[in-house]
Each structure stands twice: as structure tokens, then as C-alpha cells.
Amino acid sequence: MREAIVHRLSMRAPDDVAPLLAAIGEGTIRPEGIVGILGKTEGNGCVNDFTRAFAIRALRDALAPHVGAERLDEISMVMSGGTEGALSPHMLVLERRENGSGPSPALAIGSTRTADLAFEHLGRREQVLMVADGVRAAMADAGFTDPADVHFVQIKCPLLTAERIAEAEARGASVATRDTLKSMGLSRGASALGVALALGEIDETSIGNDVIGRDMSVFSSRASTSGGVELLDHEIVVLGMSDEWCGDLVVDHAVMVDQIDAESVRASLMRLGFSGNGQIAAAERPRLKALLAKAEAGSTGSLRGHRHTMLDDSDISSTRHARAFVAGVLAGLVGHSEIFVSGGAEHQGPDGGGPVALIASRPDDGISITTGRA
Amino acid sequence: MREAIVHRLSMRAPDDVAPLLAAIGEGTIRPEGIVGILGKTEGNGCVNDFTRAFAIRALRDALAPHVGAERLDEISMVMSGGTEGALSPHMLVLERRENGSGPSPALAIGSTRTADLAFEHLGRREQVLMVADGVRAAMADAGFTDPADVHFVQIKCPLLTAERIAEAEARGASVATRDTLKSMGLSRGASALGVALALGEIDETSIGNDVIGRDMSVFSSRASTSGGVELLDHEIVVLGMSDEWCGDLVVDHAVMVDQIDAESVRASLMRLGFSGNGQIAAAERPRLKALLAKAEAGSTGSLRGHRHTMLDDSDISSTRHARAFVAGVLAGLVGHSEIFVSGGAEHQGPDGGGPVALIASRPDDGISITTGRA
Amino acid sequence: MREAIVHRLSMRAPDDVAPLLAAIGEGTIRPEGIVGILGKTEGNGCVNDFTRAFAIRALRDALAPHVGAERLDEISMVMSGGTEGALSPHMLVLERRENGSGPSPALAIGSTRTADLAFEHLGRREQVLMVADGVRAAMADAGFTDPADVHFVQIKCPLLTAERIAEAEARGASVATRDTLKSMGLSRGASALGVALALGEIDETSIGNDVIGRDMSVFSSRASTSGGVELLDHEIVVLGMSDEWCGDLVVDHAVMVDQIDAESVRASLMRLGFSGNGQIAAAERPRLKALLAKAEAGSTGSLRGHRHTMLDDSDISSTRHARAFVAGVLAGLVGHSEIFVSGGAEHQGPDGGGPVALIASRPDDGISITTGRA
Amino acid sequence: MREAIVHRLSMRAPDDVAPLLAAIGEGTIRPEGIVGILGKTEGNGCVNDFTRAFAIRALRDALAPHVGAERLDEISMVMSGGTEGALSPHMLVLERRENGSGPSPALAIGSTRTADLAFEHLGRREQVLMVADGVRAAMADAGFTDPADVHFVQIKCPLLTAERIAEAEARGASVATRDTLKSMGLSRGASALGVALALGEIDETSIGNDVIGRDMSVFSSRASTSGGVELLDHEIVVLGMSDEWCGDLVVDHAVMVDQIDAESVRASLMRLGFSGNGQIAAAERPRLKALLAKAEAGSTGSLRGHRHTMLDDSDISSTRHARAFVAGVLAGLVGHSEIFVSGGAEHQGPDGGGPVALIASRPDDGISITTGRA
């Protein structure tokens, strides 16, 4: 049976691959098994964030000698920019091994890449359908037959820049928006709807262009999408629990209904066998391998009846505000800030909320975990 | 006996005094008893934040007809800029009434203003001593004889601008820093040391100029200071528990040891009779009248061993990052974001942490509270 | 005959009215004749810029005792936020006097205010028509019968905030955009098209909703519009040359075809009798009373074939980049930075360029000026 | 005789080396002769600007196959972050050829790198002396014997980060500042004083630590220094006119006395044979190969008597304001925005001003140029 292993490595700069190379040198990480790398890099997480491309260039240079050029392109590298507040730059290396050991069901990982997206398709139905096909391919890659086994789908999607808009318009095509920052939101939203479609959360009839970026009541509870200027296609990683996989790791997910819905995440921690009474105790922290969450300002301009100013701030993007704030909510629960909070949750969880994935090693005997099908 | 009442009012803009005037009209607030108004306004909270002065102008215009020009100057108006993340702009109106009713000991409030501070004294020993005298005066105003009864001291202090530096230098005086943003930190720090001195947390020998803004191991556990371009003196409000005061309100405080020390605040919530098991339940929320906290990036560049990027971000001031993040930690506990998180905690609590004050109405009979002397 | 006088006053803060009150005290400014005040305030010039409202509050308080409440509302107060680069905060007080003296034709000034704009009309044909009617009313106020005599129309227009959008949607109305920063551009653009319509630069058939904010080939060469969160209607000031007015002041205008078209402005300076060979000499500077210009990044992402990054910068709004840069171009010509550069030139001049107005006192005899009809 | 050639290449992204590789492929650029590459990259130009390191990584990868690893380290790569306003990202490739042709004297180029700088020496006398030695070495590399022949010295210098400060303090060393953004200014200033010392503009007695970053009356008229997080040493490039070099290119320099001193630059353009009457005509533009300038807000908070707000803006660094504004002044003269404006001119030209270098090809016969010794 296959086994999935998740390695969390701190980064001292966007191009810091020293911990990765050290782990490979020590044999802790087997490069041939790497299927994906999720990273939080310290840029602004918006249009002109080059820390993502910088990190990917460094990762590719570091891995090339170990895996070869061809395998390299099969590794999903999803860098999410923005480490606001005390968020700590780090990477999550997702590795698969044949002939694994340990209990089953266990964490399973699948991945794929789509073809390049035409700029005029960004934020439109065409993007939703392309992503849905990609998610199905990534599920097949992990052997998932039932969408209910999938807990989280992480996608890196493209965005528009002034030059890409010009390119499309030069061809006589019209883009969904000429606002580059807004294009990131549309791309994230369309990608999330692609997940919802593939997981059966919605059906094809509900994804007209009037829905994408507009009707936030339509969403996926298990999608996390992130935009980047450095790619033109989509990189897709699927996480779930599978009887065909074994190992020490398990995954669960929660859906925050708003930016301060700590209770939903606390419930997931308890399902995973953590003592959920307040912040995770220092002794328990090592068992939580990774926390991935989405954060957004939402569209209402208020939170539980109180006005916030994230949407009206012309100095700081609302995505940066939301990441910093939600990071605080979650770090307060898990007791550290090396967590993966990604901005922009359009169609990812309810308006103002978002999905959260938690990956943990199994607790000591006697502590039961109840995570399983979504 | 005197009674202290705290009114929390939402603000729709920096100059929104409609809720205040409405409360006065309904008799909920008696203007003649107002001793202080603490407000969170939606500017950047840094040097060029004019929302504070704008709010104060609106408040003065609104209250003048009710209290008269002379009384007006006795009301401390401490506007703290910066509502990052989901922080919600609001004001806390502190009112005192003679011949109050209810149990004792109870929340007690004292206030005062100092003389104007010479620009060259900002961030130096002279400012520390001036503030210490002011705190003693505010304590006397509330009838506090024992510093141990004081739970929180909120101070608004001045800062340097390019023009103020030029004014001082034109007089041949030299200022502590020519960096205007840095001057806010020095002023906050010197003011906090003034509180520590007045409360007996430190003695005069430990406040050389080499300590102010440098040695963060010297601090007050009960000071909250905030800088503003709109004043030249210091406005001081002291909160504590007093046998000579009565009423439904009590105050407690906690000291966060770092930006995610939710446990210290949860312990205070439990002392106040809240069910501390996770986020405060909706039913309990109305009982928490106010939460005031300090947030800062700290000087180490890391949190619990994980590097953060707040100090290296040249696009967003570290004070803005810290407010957004700590606001998330605290909002995750109390279940809403209309809380008073003020940036820049130099010498206020340990490096990277800060004091938190909680004001609550008494719980139903049967639930005991253990707050008392600090 | 009527005479128009323009007073330029430096501001030390958004609420600095001391120079205005001093000028009134000295009799230099006759408050009863003030028709408009144009100010550059030091906020971000975007959605959450409260320096505009703060300045207006201070101006109203300062003028009320001198002109009375009723006249006060007739004074157009157009505060334009954003003093990027070395731009210097200042105000231009536009005064009219009966029985003036001096040559004719001379500078003439008209003004008016429209009714409040429904939020759902912002950025749409309805706003264009409302503004066009307003411009005609302002022209009539100055006695302009021929649009060719009008050199500049300055308009302050409303914008959308998260709350205003919610208000409209609560009524079942749909707004032109849910992006608050973008709403400023749509409002500026629709207002500019209103000017073009009133001045006969375009006809009604060319202002469909598909044009507003989209087809930048449709524009006015004499409109300058600026958005503000503090008003719900439009404030309109018209400047031109009139045979029915007399005095020492004349006005001319130029149209910059892009952000570095200094030559068009230099030609206007020469029409006004300045020695146009490079930067205006120190001796000539006092004669230039005011320079008002529009700046924008344009929609192409490049300038004369070279890519710029204003549109892709998610840290600084393109309006702030453009103001700072164009201010440099113009300050390099006139030799100082107390000039009025307003951001966002949608439909004001060609894409990437914008109109510029110059107000000067007449040169010494012997130097001819050629400004006249537009 | 040796010949210096300057190639200006546009960049579509920080890692865009396509134009460089194309020029090498076509033989326009001979890689073995490259001595330095100066680039403007589109980051914030402050502490957390990773576009500089990203660009350098791409440049090194591109050149390695052509020049070999050893020569690669001898090539100065000075990336200056910040393309505010309409500044256009580009690189200037400085090439040297043996057995050149063309008239003499002509542009001459020398370069070198220093050893790594200890963090505690940054912004202090030790850095000044280290840089002075480096400049002398770079002059010798070009064969300059008389400092009067040197028109411009471009230096890239290191800065402090939170981690570097911690590293130094862990060794018991104390750094000049704990403010990372401020450290860039101190490093730029100390490096500039190193140039002044090497060129004989000042003597050793005038470089106490009380001067560096403080006494702006001490400066170099020919230094341009730029900080970067990606290096620990100094990269130095010297430009001047030499009888021992030949070719079509000449260099001149000007010193702007403040941010709008266009006249000094216009005088240099006229010395170079351009028609200085206003903006350079389109036909003449190709002859101007490169313009390099420094921009800064200055320390007074005002420009020619008018207050600016660059120093009080806590949302945008003053270095970003100054680059955008000065870029406008200069682009207005030369007619395009692909110019090299670098922020932070501490001790580079007078307070608020800065040196400017202009590299041009010789004009047609009959037009004389008067550039020569500085």
C-alpha cells in the first residue's frame, strides 16, 4: 500500500532550499516520491508578488539533480504569497512512498496539472470546467473513487497582468476584468467552483458567468485556491483519507463560517484527538503536522454585526488584512504561527469564511480519532 | 459611593457621534459624568493618521453643548488609530456617577492630563517622570491609594513630525530621533515606563535613556499607551477595583507573554466567571463590556521559534501587522471583533507581548469572580 | 463688471485654516465673495481618505461665522486627497467681486451643486446626465454663453463604500461595481463625460454604459473630476475667460497626451507670456497663481513604448503612483511643488494623459498673452 | 585602446533575461566583456524587496554558460529596486572591449567587489574606509589616475535584517541601528562617504560616526549607492572619461540641488550637445544611452519653502515617493521613463538633491560637447 508523508520546513527567505536539501541528504525526504510542495512566501500575495516565482525557481534548481527534468514538471509547486501578522514562511513537502507501513485508512495524496488557460477564459465557465477535469484527474492519481473521501483540494491558478490583458485584446478577445488584482479573485473563484463541481457539491447548471465572483452562496467546502503570476495553467493537489493508503498521518477538515469561527476548527482538532480545551498544549503541538486555511474579508463589510474596514482600505489589500487576522484566530488555537493561511476564499466556504485542513499524526493508543469521510 | 459605567458604541466613520448623541438623548449616558472616551479609529495608526484628530474634533463639537467648554478639556479623549483585520471602529465612553448603586468593590476610574511635552524631551527620562506624576494624579482622582488596585492605565501621548523636529532644532535642541514613525514608539515606551514607575513596578534608577526603547525587559504589566499627532501633552485614564466604588462592573487584566498567548487572557475570562472552554458562547458575550489590549511585533523577529516578517516589511508598518494578528487571537476567544487593540507595546508587557484589560458586568449569582488586586 | 481672484494658501495639516482666517482678517480675502475652495489634502486620495472630510469640516467651521449657514452650502469645497512625491498641501480660494477693476476679458468663475446621486446611478448614464445639467448651471452662474470660453471644469463626485453598496442592494438596486476603489474611477469618469456633454465635446449618443470607464477614446479636454467619501452630490466649479469679467488674472489650459507630455504645458506657459525655455525662472514664479492637472496611469501598462508597473502594484494604488510622477513632470517646469495634481483622469483627456489648467496674473506690458477661447 | 559600450535592455519581469540572451546570440553583446549590469527591478526598493535577488539569480544562470563561474563573480550586478511612477524596469549592461575604435577621450569603466562587511560595521567609519579602498581599486581597474576624470560611482551595499541584527548581537556586537529600513540609509550613506573620500571630495577627518546619516552637508557629487538584502559585500562600478579609452560614448554628470532642479540636468544635456530647449526631441532621444540619478526626500520636510509629506507618510516609504517624483522631473526632460532613478541619496549630493550621470553617443559633426573632467 502507498503511504503519504508530510514534511514541514521553515524558510529563511523565498529561495531558502537549505532545509529541503538537508532533509534529502539525511534521507528524511526521498525526492523521487515528492508529489507536491506547498509554500507560504513573504511577498504581498497579490499581483506583483515575485516571491512565489523566486521560490519556485529555487525549488526547481534544488530538485532537478535529484529527480530529473521530466519528473520535475510533475511536482506541483503551490507557493502562496503573504505572511502577514506573525505568519511564518515555510513549505510543506508532500511525499508518497510505495510499500508503506502503518494503519489504514490513512492520508492519501493525488496531483496533476492542467493545460494553459487562455486569458479570456480566466474567471469564466471555461476555467471552471477545465479545473473540474483536473480535480478528477488528481483524484484518480490517488485512487479516490468517492468524492466523500476527499478532505481538501489545493489549487494554484493563473491571473491577469496588464500585459496579458493587452495580449488577449490584441487577439480581439475580451477578458473578464481589466483590474489585475480583481483577476486573482475571479481565477480563485472559478477554480474553487471547479472543485465543487468535481466533488459533487454543485452541478454544472449552477456555474454561469453570473455566479463566478458574484454569488458567494455557491461554494466548495474543501477547496483552497491561490493565484500566482508565475504560471499559466493550474496545479492541483488532492488530500483525503483512503483505505488503499496506510501510514501514521490522517487528515480532517473544517469549514469556518466566518473569520472568527474558531469553534469549527476546534471541533476538528478534537476529532483528531487533541485536547480541545483552549490552545493546544505544547506537548501536543508536534503531532499537528500542517494546518491549511483560507481567509477573506467577505463581501458584507461586517463581521457578526460589527463593521470592519478591510474592504475600504486603499493602502492594504483586503486579502492581506484577512490573512493576518485569521492567522491570529488559528494560531491562538494551535499555539504557533507556522501555518498555511492563504488569502482570497472566493467560492471557498461561505462568504467571509473558508475551509481548513488539518494533517496530524495519529495520537497515542487510547485516544480515538473520528475523522473519516467528508 | 461613586459608580463607574462603560458604554461601548459602534462608529460608522471617524466623525460618527450619532450613537453618542442618541445615548445622551435617551439618558443612557449622562454627559456631565463622562471622564474619558477611548476610541478605535480607522486610520493607519501611524504618523499621518488624521482619523484620530478628526474623531476628537467631532466628539468635542458634540459634547460642548452638553458639558461646556471648561469641562470639555477635562475629558480624556484617547483615539487609537488602526482597525486592521476585522477590528471594528468603536468608542468606549467612561462615565462616573455619584450616589451609585450595586455591590462593592467595583470598577473605579480616574483621569488627568499633563502639561505639554517639549519635543526634545520625547522618548527621554523627562517624559517618563512627567507621565509618572500624571498617573499619580489620575490615581488620586479615583481615590486609589494602593497601586495594587490599579488594573490598567491608558495613555495617549504625542509624537514627532518633520515640522516638530525642525522647530526643536531651530531652538538648538536635539530630539531623540529624527524618524517620525520611530518617535511614536519612543513616546509610547517612555509613557509606559512612567506608568511602571508610578505603580512601583520599577524604580527611578532603571529609567536611563539607554533603557527607553532599548531594554524591553523593563516594562509595566498594566500600561497601554498610544501616540497621536493631534496632541502635545498626555491624556491619562486609570482603571481599577476600589472598595470606595460600587456598581455592576468589574475589571481584570492579563499579560500576554507573546502575540499568541491566548491562555493568559482565557484565564482572566475564567476569573471573571466566563466559561473559558473555547470561545465565549453567544449568550455570555453581552456581559463582556470591553476588551483593551496592546499588540506589537516584538524585537526578535520570531514567535515561539518561528521567524515572522513583520519587522522586515517596508510596505506595512509592523504595528499594523501586529494589531491585525493579535486582534484575531483575541476575537477568536471573545467571539466578536469590536475590541480595542492598540499597536506598539514598547515597555508594555514583555517583548512581543502586552497587557490586556477586560471589563465585564457581574455574572449571575452562583458564578464567582476572583478578580481583585493586581 | 465682476472680477475673479484666486488665493493660494499653504496648509500645515488637513484642518489648517489659519492662513484662511488670517487672510480674511487682513481683508485680503472677502469671505462673502468666496465661491469655491479647491484643496490638496495629505490622505491617500482613495476610498478611506478622511483628510478630505476633515478639511471640509474645518473650513465650514471657519467660514460659518463670516458667511452664514445658508451661503456656506453654496461654496463648493473640492478637496482632492493625495500629496504624493513632493506635492505640497494647499488650498485655492476662488473669490468673486462685483465692480472689479482691470482689463477684460479676464478669468471668470461659476459654480453649483447637484442633487444627491442614487448609489445605483454612480458610474452610469444617469450620473453623466446629472453632471451635464450641473455644468450648464455653473456656466450660467458665471455668464458663459459659449462653451468655447470655458477652460476648466473641476468637479468633486461621490463614491461607493461597502455600506453604500449594501444600502443600495438592500433596496434591490444593483450598483455598477462592488469594488469600492473602482467606484471612484467610474464616478470620476461619468462626471467627466458630463462635462464633455455640456461643453459639446461629445453628444448624448456616445455615453452608453459600455463607454463609461471602458472606452477611453471618449473624453473631455477640460474636465477635472475627483471623488470623495464625504459627499453624496456633485460640486462643480467652472473656469474660463469672459468679456463680462475684468481683472488681473487670466486662465489657459493644456491637454497632456501622456504622463510626460511637458511640451503641451510648456506651450501654455508661453501663451501666458512666461519664458518657456526650461524651468520658469524664480522671478517669474509669483505670476503663476495656480496649476491644476490630472494624472492617471492609463490603461495600456506602458508609456511611449516602455512598460511601467503602476497597474500591477498591489501595495500602492496606481492613482498615487501617477500623481507623484506627473507632479514631478510639472514641478520641473514651474519650479515648485505647490501645485494641484489630482489622480484618476478617466475620460479626462486621452488615455494616460489629462487636462491642465493654468491661472496667472498678466505679464508686464510688452509681453503678450495669447490665451483666449478653448 | 579599450572601448566601453553600454546596452540598455527592457525587462518584462525581474527574471527577464531574454533580451540579454538575444543580444548575446546576435553578437551585439560580447559576454566575455561584461563588467557590470545595473538594473531597475520592480520591487519596493526597501528591505523586503526580493526582486533584486531574483533578477541576479536569473542573470547569473543566464551568463554562467557564456562566461564561466569564475568570471561570473567578477561581474558587478547592481539591481536597484523600485520603479515607482512610470519608471520602466530595465538593465544597463556595461561592456568593455580591447582594441576598440572611435575618438578619444571616451567613456571608461572600472569595477571591483569588496570583502563582506561585518554587520556591526554597517553605517560606521569601518564601512566608509572599506568602500574608499574599493573605489580606488575600481579606478585602478579602469586606469584612472586622476579622480577628476571620474564622473560617477555606482555602488550596491548590504543592509541589516532582523536576523542579521540578531546574529551580530549574539556575538556580543552592537549594530548602528535596529531599524532595518533605516539600516539601508546608513549603508548607502557610509558607502557614499567612501566615494567622497576616494575622490578627494572630503578627507578622513570628516567621517566620524556623528557624520554618517546625520550631517548631510558632507557628501559626494558623484556617488550613487543602493542597498540590497541579497549581498553582504559591496559591488563598485566607476564611470568616467579617459584618454586611454576610445569609442562613441561619452559621460557627463550633474548635481541636482533639490528634487526639482531640472536646470542642472538640462545644462548637462546641453554640454552633451542636445538641444536643451525643453524636452529632448524624439529624434535626439536614441543618442541618450542612459540616465542614472539619485532621489531622496531630504531631511527638511519641505522643498523650496513648501511643505511635503514624504517623511510623515507611514503607508509609503519616503524613498518610494522620491523616486516617483524625481523620475517625473527627469522623464519630462528626456522624453521617456526608461531611466535609472535610485532611492536614498544620503551623502550623495546635497540634502534633498543628488548626482545624475548621463551617458550618450557623440552628436553629429558640428555639434560640440564640452564634457570632460569633473
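A, B, C and D are the chain letters, set down in written order, and residue numbers restart from 1 in every chain.
FYI, contacts are C-beta pairs under 8 Å (C-beta built on N, C-alpha and C of every residue); 3 or more make two chains touch, one makes a residue touch a chain.
Treat the numbers as computed from the prediction; the structure is a model and nothing was measured.
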Numbering shared by both copies at the subunit C-subunit B contact, with half separating same from different: same
Pair with more cross-chain C-beta pairs in contact, given C-D and A-C: C-D
Rounded Å distance between subunit C and subunit D, as computed from the means of their C-alpha atoms: 38
Separation of mean Cα positions, subunit C and subunit B [Å, integer]: 41
Centroid spacing, where centroids are CA-atom means, of subunit A and subunit C in whole angstrom: 46
Contacts with two or more other chains, residues of subunit C listed in rising order: 12, 42, 44, 48, 163, 307, 309, 312-313, 315
Subunit A-facing residues of subunit B, complex: 10, 12, 42, 44, 83-90, 259-260, 262-263, 266, 276-279, 297, 302-310, 312-313, 315-316, 320-322, 324-333, 335-338
Interface residues, subunit C side, partner subunit A - complex: 44, 46-49, 161-163, 165-166, 178-182, 299-301, 307, 309, 311-315, 317
Touch list for subunit B against partner subunit C, complex: 12-15, 42-43, 48, 50-51, 53-54, 57-58, 163, 315
